[in-house]
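Two complexes, one shared chain (subunit A), two partners (subunit B, subunit C).
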Partner chain A sequence: MFSRRNLVTYAIALLLVLAFNFLLPRMMPGDPLMAIYGEEALVQMTPELKANLVERFALDQPMWQQFGAYFGALFRGDLGYSYYYNAPAFEVILGRLPWTLLLVGLSLVLSTLLGIVLGIESGWRRGSKTDRSMLAGLMALNGFPDFFIGMVLLLVFGVTLGIFPLAGALTPYSGLSGGALLLDVLKHLALPLAALTLAHIAGAYLLTRNTMITVVKEPYMLTARAKGLSQRVMKYRHAGRNSMLPVITRTGLWLGRVVTGALFVEIVFSYPGLGYLAYEALLARDYPIIEGVLLVVALFVLVANFLADLSYPKLDPRVSYAR
Partner chain B sequence: MLRIKDLRVSYGREQVLNGIDLEVKAGECLAVIGESGAGKTTLCLSIMRLVEGTSHGHIFLNGLDLLSLPEQSMREIRWRQVSMVFQNANSALNPVHTVLDQVMEPIVEHRLASRAEAQRRALQLLANVGLSPDRSSAYPHQLSGGEQQRVLIAMALANNPGLIILDEPVSSLDAASRAEIVALLKQIARDHTFVVVTHDLSTAARLADNIATMYAGRIVELGPAAEVLSRPRHPYTRALLRAYPNMTTVKDLQGIKGKMSRPVAGCAFHPRCTQAIGVCAEKTPPLVSSQGRYLACHRGGIITLLAIRNLSKSFGSFKAVRSVSLDIDAGETLALVGQSGSGKTTLAKTIMGLLQPDEGGVYLEGKRVTSRAKDFYRKVQMVFQNPGESLSHRLSVLELVREPLDVQGIGTREERDQRAKRTLEEVELPASGGFLESYPHQLSGGEMQRVAIARALVLNPSLLIADEPTSFLDPGVQAKILKLLLNLQERRGLSMLFITHDLSLARKVSDRMAVMLSGEIIEQGPSNRVVSSPVHPYTGSLVQTASALHSESEAGETVDQPGAEARSGMTIG
Partner chain C sequence: MHVDLKKELTTSGRGRLGLAVFLLMVLIALFAPLLAGHDPVDQSRFAFQSPSLSHWLGTNHVGQDIWSQLVYGARTSLLVGLSVALLSTLLSALVGASAALIGGLYDSIIMRLVDALIVIPVLLVLILVAAYLQPSLWVLIILLSLLGWQGGARIVRAQALSLKERTHVSAARCFGGSRLYLIWRHILPDLSPILLVEFIYSMRRAVFMEAGLAFLGIADPNMVSWGMMMREALDFSYLNVWLWWLLPAGAALSLTIVSVTFVGYTLEPAMEPRLRGEVYA
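Right after this comes the complex of A and B.
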């Protein structure tokens, strides 16, 4: 199903990501150690520790050996040490990752599904009132950045109406468990999720609607009608199924945008995911964390793209990769 | 089963169907033929009530007027009582579902059976139409065109509807799969009612009991398939048959003059019709019953231009022509084939009034010809064997061509010159300078014959009698002159009586053929029939000698055979 060429493409992309992450701190002017560990850490360091670190990153060695060492460290899950959090960067990031995954994953699924369904409904009755108002509404929504929508939601539902909590992912020290915990999580998730989803519906919606408009004119839709099928079957099984294909191929592409969007939305809601972590780290100049987050996000997008590619042939039988 | 009354369909301001009346009885197969753009597909879709435009009139299916049903009831009728095999199987199937799913879908959706049962039935149907079982879980794009067509047919059969509409069921297929699919359809037609829309006449011929010819949104001829195909009576049906390249039509491929245009007042065909009269441009002819057929034509279909009845002529005791009767239709070419001495030329001369008949007579457009005055020669002209003899050597080319106009006293001198020059251009001769001044003996044989043809045509006759017009010419020139005659015939809608001893030549140019032996017509009929299955032994021997000659010498030179075969895969557009 999957061609070698595609795999090679992914491998190259992966290498590029790694190389970039490796080179970035080393290209910065000044002491690479400072770039890797940050100013603060450097001041606190004893000379022995410093020597130790130089050796560990092979900083006195030629570039390619440095790369080898970096690679080896990565392999061991060593992203460096965060002096700000006083823990290995990898652990810090891992602790925050689930929240981002939750936010991004749900919002991606929701925005794609909603976008597709709305796109199908809208394209099916193109030119009708429903279609026109949906189109106008979503186009308008599309114009705002996600963090802006987040801020509006926060102000309206959090501050003014007070329905949802203003920050965090959990009520601290509440000691909740079971159903109550789940409810608490959902309550905290609702606004950031809504912000991110609303900001990204339009993409899937517009694409589905556009495809739908051409699909309903396809001869096989006439066949479907001639067969005496019900509206629902015609709309979803015949037209919809074909109209969502382009959306699925672009999921990978959107994922990148949703992830970056999530980083900002997290900051708005102080949601303890990777975005908020990166923000904190930035303020504290905790470079290992920032670099780690960048790396994880890049890897994440890459993997998701790969999965979307894998699923596409299952959805559109006409696509079959040459072996 | 299906009865359509005064069906009119329009898309916006464009009227596509202009009052269709049709009836299809249970178990029957009706083929609707016509050029693309005649409204055939619209007709199909209207029966399913799938047209976008507005429809008026009535479509009765099993007594129910479909046009008055609410959409919901119509939905239930679709595919249960009437299903359709769509044009272009490739795009009529949904690319993202397996063919099995698509075949079983209507069974399930109309709640005729459980999923499992539906699947079993669909598999059975796919097997019945000859799709190998392992292909049933394939997606449409994985199948060949022929296989896709089979799937569409199985799908149409899924709910066992009484009526199946087939819109160009084979037009997208290659010749081999075409034959297979037609055979399959033929078998299915045994217990289903079909309406087949096609511009592929051979499909129509193989499947249909009745044929309806459609032109510009109207039915212009309707009758039993075999009769319509062998003896079309509407000028358009004949033109369509002529234009259709297949192996059984032996005449050279001939297009239909002009293009279909709409809207047209009166008979929609009149701008292209060679026998149109005044009323044709004013009133639309209704479809009326006429001798076992329905025809929409003010003149009752193709008219008989010249009728010869019991004509006899003897020279002393020698009976040159014995009680000959022949009809020549408007716009057709009749070949009169026979050896020298069989009486062909005598017959021609008698028609022209150069000889007086002993018995019988000649009728032009239904009126007996008693005296041959200017009127007659305006309508009937002749081209002789040897232009060297028939052209006066004392006249220049221009004078020769102008002379008939001078005799008839048509127009001013100026106009006559103009008309003569135009006719010369029509026969592909230079109409200027030196050539006009030249005299016959300065011309080549081919040029002389062209001048003779121009001279015959300058009066714009309805009938041209050509007596061995190419026998004095060498083969290359011969082919060119023949081509010219055919072109002129098409453009002007001439009728032609083509006299020749050469059967293979006759079959190339003629619609019908009459074989003459010892002063008698021993056999006549459509050229392809006469050549492919001659009835009279003498005709048989002619065919044999002709084909023997054919294979020996003319292999490279004849226009017809290999070309016609190659073209048989094509359809008229």
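Right after this comes the complex of A and C.
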């Protein structure tokens, strides 16, 4: 069961993003072609190309027909053409997507798991020295911007100690394959992943700890103790499982934040994902790429939110009974 | 919902620490011209100087005094943080409270819009806008406010909905209090703790976003920003200048955000426990 209200929300969000992408370039003063295609396009502009492009986006037609042309192109998977990369924007974005997925996916899993475990341990001994120092430490960590954590890791482990590579996702032209290739990928991934994970542990931790504090007071915890269950079983199977629930509902929302964090971290490490792509496009004023990245990331976040909605009743049966 | 915020803040060690550090930052920002010693944008031919008595943190790649930049950076950060917090909290209060009090179709339309804005990756929208116009400081403040009110509006609405039904409000209504009187005398005062916490979290978000955008090169070129300093310093990571260039800028930024966070978390239990999850932004 998923709520129809959420689906409406996601549809509105998608429409808003499309409206941004459609209206912003067309509202800009000056040549709309320049605003749609970016500076690089003007360098290569010929009269035939210009006529072709005007026709393709129906730029000589009224606004609503332009929107129709824009929408039709989107449905064909046409996000525009990047004159900076000399390739369709969709292709360029698709080539970068796996790296961001790898970074964001692993970091989301790691930070959520670590946050939950630390939150359970901390909430279980509320008020103890361990709890208090963990709380203060993670709250402070929460204040450090992800790109600063990334820079510190880069400077310490990359520049000074030289343990990890400074940039990129692969050693260029190394011709590695199999296990060596995997090792190379992991070595390049380690620092960006660590930075992103460290920056996002606090969210899951604080939420789990808060729920844990209320859960340990529940009557079923007393029953569990009376049954003579071990501490570990009580802590993780009885209290922990229930404390995880609010975290799962928020994974979708957090994903948006982690993706945003990944944009910054990728730039620090010149990691060739969507964030670095958007940054390069910003510098080159390559508008189709920025719009494409916005659309792809928005879609990605919306789908993840939808999946989180679907999975929630499976984890907490009370939700489906309630409906 | 009558909570003594002052007591809440002064009895917690973390709250006191956060408040003290934040006030220190405010003082630094206010007295920047006295503390700086150099003009932060004045270039000189003495680039990459190590820290010395005349340049406490040395100079950067174009010979600007890093200590002066650091001090003036506090101004940008806090100016953006406070202005965005004020504007977006105002928007949250207006939208959230009106949705709760008017209700009906207006409420459902507004809340769908709020939910949609919550899931949109705001940073990318900002990058797209900034790619078209190099925003000045005030344009940036307005953009950040327009894209930062949605979470708060939802919380304010929830609170206003429950306040509306409280007995003291009904009592006042029975005695013939007008709608405006009720809002002004009973609902707004009880919303104020929530608005304060929302203000603090907006500020935190705005300080972070300002630095992040400046790091991407989206900043008012006439202002010195910690994010911009970090961006410039990162390009010279192969020299050891990062020790007195990048680290102080990052530390100042982190210290500001941590202090604001500590104040925020301290005030939070004062609010409805039901809302706890919502405000962790």
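Note that in this section the second predicted complex is superposed on the first by the 318 of 323 C-alpha atoms of A that agree within 3 Å, B and C clash if a C-alpha of one lies under 4 Å from a C-alpha of the other, contacts with A are read in each partner's own complex, and residues count from 1 in each chain.
By definition in this document, a residue touches a chain if its C-beta (ideal position, glycine included) is under 8 Å from a C-beta of that chain, and two chains touch if they have at least 3 such contacts.
Worth saying up front: this structure is predicted, and the values here are computed from it rather than measured.
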| item | value |
| --- | --- |
| Three-chain arrangement built on subunit A, subunit B and subunit C clash or fit | fit |
| Contacts of A:100 with subunit B and subunit C, given as first, second, both or neither | neither |
| Touched partner set for A:12, first subunit B, second subunit C, both or neither | second |
| Subunit B versus subunit C as contact partner of A:251, first or second or both or neither | neither |
| Subunit B or subunit C, by number of subunit A residues touched | C |
| First, second, both or neither for A:203, with subunit B first and subunit C second | second |
| Touching partner for A:145 - first (subunit B), second (subunit C), both, neither | second |
| Subunit B versus subunit C as contact partner of A:293, first or second or both or neither | second |
| Touching partner for A:111 - first (subunit B), second (subunit C), both, neither | neither |
| Superposed model, angle subtended at subunit A by subunit C and subunit B (C-alpha, nearest 10 degrees) | 70 |
| After fitting on chain A: smallest Cα gap, subunit B-subunit C, Å | 18 |
| Subunit B and subunit C footprints on subunit A, overlapping residues | none |
| Of all residues in subunit C, those that touch subunit A in their complex | 14, 112-113, 115-125, 127-132, 208, 211-212, 215-218, 230, 234, 237-238, 242, 246-247, 250, 253-255, 257-262, 265, 276-277, 280 |
| Residue ranges of subunit A touching subunit C (in the complex, touch as defined) | 5-6, 8-10, 12-13, 16-17, 20-21, 24-25, 28, 35, 136, 139-140, 142-145, 147-148, 151-152, 154-155, 159, 166, 203, 206-207, 210, 246, 250, 252-253, 256, 259-260, 263-264, 267-268, 278-279, 281-283, 285, 287, 290-291, 293-294, 297-298, 301-302, 305 |
| Residues of subunit A defined as touching subunit B within the complex | 218-220, 222-230, 233, 237-238, 241-242, 245, 315-318 |
| Residue ranges of subunit B in contact with subunit A within the complex | 45, 48, 50, 75-80, 83-84, 86-88, 91-98, 105-106, 109-110, 139, 141-142, 155 |
